[in-house]
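Here's the structure we're looking at; comments come further down.
Order of writing sets the chain letters: A, B and C. Residues in each chain are counted from 1.
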Amino acid sequence: MSTGDPILKVINLNKNFGGVKAITNVSFELEQGGSLGIIGPNGSGKTTLVNLITSFIKPDSGEVLFNEKNITGLMPYKIANLGIARSFQMPRPFYKLPAFKNLIIPLYSPRVKRLEGGKYGERDDVALDLLEDVGFERESPVPYKVAGSLPHGYVKRLELAQCLALRPDLIIFDELFSGMSMSEVASTLPIIEKISEEGKTLVIIEHRLRELFRVVRRVIVLNFGSKIADGPPKEVMASGEVKKAYLGSEVE
Amino acid sequence: MIPTILINGLVNSVVLVLIAIGFSLTFGISGVANFAHGAFYLLSGYTAWMLFRFLGLPYPLVILISVVTVGALGAIMYWVVLLRIRGIILSEVVATFAIGVAILEFFKWMGFHTYEFSLPVFIKGSMEIAGLFLDYQRIAIVFIGLALLLFLWFFVHYTKLGLALRGIAQDEFTAMSLGIDSDWTAMISLALGSALVAVAAISILPLGIIAPSVGYDVLLTALAVAIVGGLESTIGIVVGSLILGYSQVIVASYYTPLWMTVVYLVAIVGVLVIKPSGLFGKSKELEERV
Amino acid sequence: MVVSYRKERLDRGIKARSDDIFVISSHRETLYLVLPRIIPIVGILLIPLLKENVGIYWEKVLVITCIISLLSLSWDLLMSVGLVSLGQAFFFGTGAYFAGFLNKSFNWSPLFTIPIATLGGGAFCAILLLPVVRLRGIYFSLITLALPILFMRIIEAGKILGGEEGIVALTPFHSIWIELYVPAIALLFCLFGFRRLINTDYGIVLRGIRDNDRAVMARGINIYWYKTQVVFIAGAVGAFAGAFLTHYYQFAGTSGLGLDYSILPLTCVIVGGSGTFAGAVLGTFILVPLAEILRAFGTLRVVFYSLILLAFVVVLPEGIFDYLQRKYHQYERLASVEVGK
């Protein structure tokens, strides 16, 4: 596979729930190391699209190719082990476990065991390092606190750490910044930028467009399940159809 | 031989439907699996028997009182026990299981299992259909079963309460935000399920005697039909009952009646291998949580 | 200014001091940590030595208690990964029949039948429950409830494996010491083994599956494989219990698939407290001797268990062990609070 090939190909995905057309004929390609934003009004199907790609929902038709391999409908854990990590819109950490123990689970996956050589007993150290990378103060009691007692911003960053723990090639963030305060966003954004610079491919669903456009070079807009725009942020935001989708149109 | 099997199979299937429908309905609507299902069946039988034998009430009145009593019991069980532990699946399961076992073993201890304990049939006598002598009780069962299914279909599609119950079953939070009280409807669904089981008991028990082992058999039947046909699906119950009902009759004709329960095991294992959530089950185990 | 009181719970000083292993500086603190673990071990290992004083009846009770504890521990392990078993009798009966069959047909001694029954029974149960593990939790409960009843009917109807009478005249154990110490050691092994297991990384994965399995799946773990492994371990422990009792009673019959063996361990764990394994053992050691005393009441016993089970599930779901643990680690006092000005 040459470096020019797209790492992710989504081809004509379709999904209906009963009578609701959640996703209609959505296709796009993403090259390795690229960063793609997915935006659109509420209910446009962004999370459904992520669920289709990561196989938490099976599509009615269409294909998803990752590194030229057809991953449509594979079990989600297999997709994670191939190198795709995703965050959840409503993160539910393992409440009774301490924060850093939450990371043991991705570190226990076959993928990480393969990459790291599976050393027993060092997972705790790796976990603490990962937490430090996402902004948990190392020398403080915060990483040892039970996950159920962490404030929302920390929970979101824990979610980010869980994705990174998997050592993925492609990360899909589902509204990572929702619920974060300005300072938390300001401290998390550089981490995302760094991940992108390290060569990881990113797909980011967001509502906070200003922050999003700092990180991504390309944006897809969904409305009522269809893709209505695809291109650089400035171009897309200038399009009349996108404006209509977000803001509505005037009644003549 | 064939007409015999067809007719007996139909009767047996309707019997299974009557037994299973209360359990499946309750679980489908309120999410509570009522493991005391078999116990309630038995309780209905004993209640009717005691009202009939000791109080000497006319039988139609006995039926009415029994059904209402057991229905009320279901509602009370919800109110007193399940309400406190709603949502904790482990506790709900264990609690209803404990209640069921307590009731059934209590009856076993009391020694209620001689031939005296039987309910009278609705109408004595039998008639001949296609060379088979079918007693009126079995014919009545078929009619009751079909009438019940029809009533339920109408209730669930056209009445306000029925639609509310379906709303809760589909999406509890949305239903609640529309003003439907989920605790109240769960209690109603438990009462309804219990009342249905009482109707089943009074219709079917006259065919045999009332004995505590019947309670466990009934629970097993309800489970088997639910697993094969799929929980929460009325069509599943009907189809599951038909499959199991006819299989049992065929097995009983060609082998011995002892093997009837084996049919359950084979069917369950078969379903688990082919489509684990049941023939008409909604297998959205991952989807529903995303 | 009104002074009112509220109850507050504080960790005892000794707990705070002994929490971190490098901070222990006195014998008292070491004892504080070690005593709760040593007492059960010593107790269980020493009681059999008292047999002359206590009589053969209580020996039997001890053996039964240890065996039921194994079923309770097995239940607690399944609970730790999120599976609620209503049919421990199924694991038990499988092991019992395996051992009974091997002994009757091939005349193998318990030395062989018990290990084979343990592993074979575990494998059999795991395979049978394999399809269910992929479904919602409630299906596991349904199937485990149905399986013992179904198999009981099949054995009676097909008159296989001894039918209603069961398999009789099997090989007993050679010495009373084996009878007493094998279950006791098995119990201690499982108790401390499971407790250790649940605190390793593997155990954390299991607990994660219980809490939020879709998240675990999204992080690359095949949750179904892990659930199956747990079913195998729990099934093997249950099968061991059944196989052992088969040789102890020299009999294997449909009573091994009976409701008693499903509901008693369940009650013991709920009373003792699920999730800690120690609670399971504690509950068993309270309820089983009690059940033996109540044997005179016949089937009414089962009614008692069910009602106790019901009461605990509704009122004190964390169980006794949790209460005791709290008392041991924390103390309560009334703290004064100033209300209003």
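Keep this in mind: a contact is a pair of C-beta atoms (placed from the backbone, for glycine too) under 8 Å apart; a residue touches a chain by one contact, two chains touch by 3 or more.
Predicted, not measured: the structure shown is a model, and the values here were computed from it.
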**Message:** Taking contact as defined at the start, I'd like the list of chains shared as neighbours by subunit A and subunit B.
**Reply:** C
**Prompt:** In terms of CA centroid distance, which chain is the most far removed from subunit C?
**Reply:** A
**Item:** Pair with more cross-chain C-beta pairs in contact, given A-C and B-C
**Value:** B-C
**Message:** Averaging over Cα atoms per chain, report the distance between subunit A and subunit B in Å.
**Reply:** 47
**Fill in**
So, in whole Å, the Cα centroid of subunit A is separated from that of subunit C by 42
**Asked** Approximately how many whole Å separate the CA-defined centres of subunit B and subunit C?
**Response** 33
**Fill in**
So subunit B residues touching two or more other chains come to 286, 290
**Message:** Going by the contact rule already set, what residues in subunit A reach two or more other chains?
**Reply:** 56, 76
**Request:** Would you pick out the residues of subunit C that each touch at least 2 other chains?
**Result:** 214
**Of subunit C, residues touching subunit A in the complex** = 201-202, 204-205, 207-208, 211-212, 214-223
**Fill in**
Counting only contacts in the complex, subunit B reaches subunit C at residues 27, 33, 35, 81, 84-85, 88-91, 93-95, 97-99, 101-102, 105-106, 108-109, 216, 219-220, 223-224, 226-227, 231, 256, 258-259, 261-262, 264-265, 268-269, 272-273, 276-277, 283, 285-286, 289-290
**Request:** Note which residues of subunit A are touching subunit C in the complex, please.
**Result:** 54, 56, 75-78, 80-81, 85-86, 88, 92-97, 101, 104-112, 120, 123, 162, 165-166
**Residue ranges of subunit C in contact with subunit B within the complex** = 79, 84, 86, 128, 131-132, 134-139, 141-143, 145-146, 149-151, 153-154, 156-158, 214, 259, 263, 266-267, 270, 274, 298-300, 302-303, 305-307, 309-310, 313-314, 317
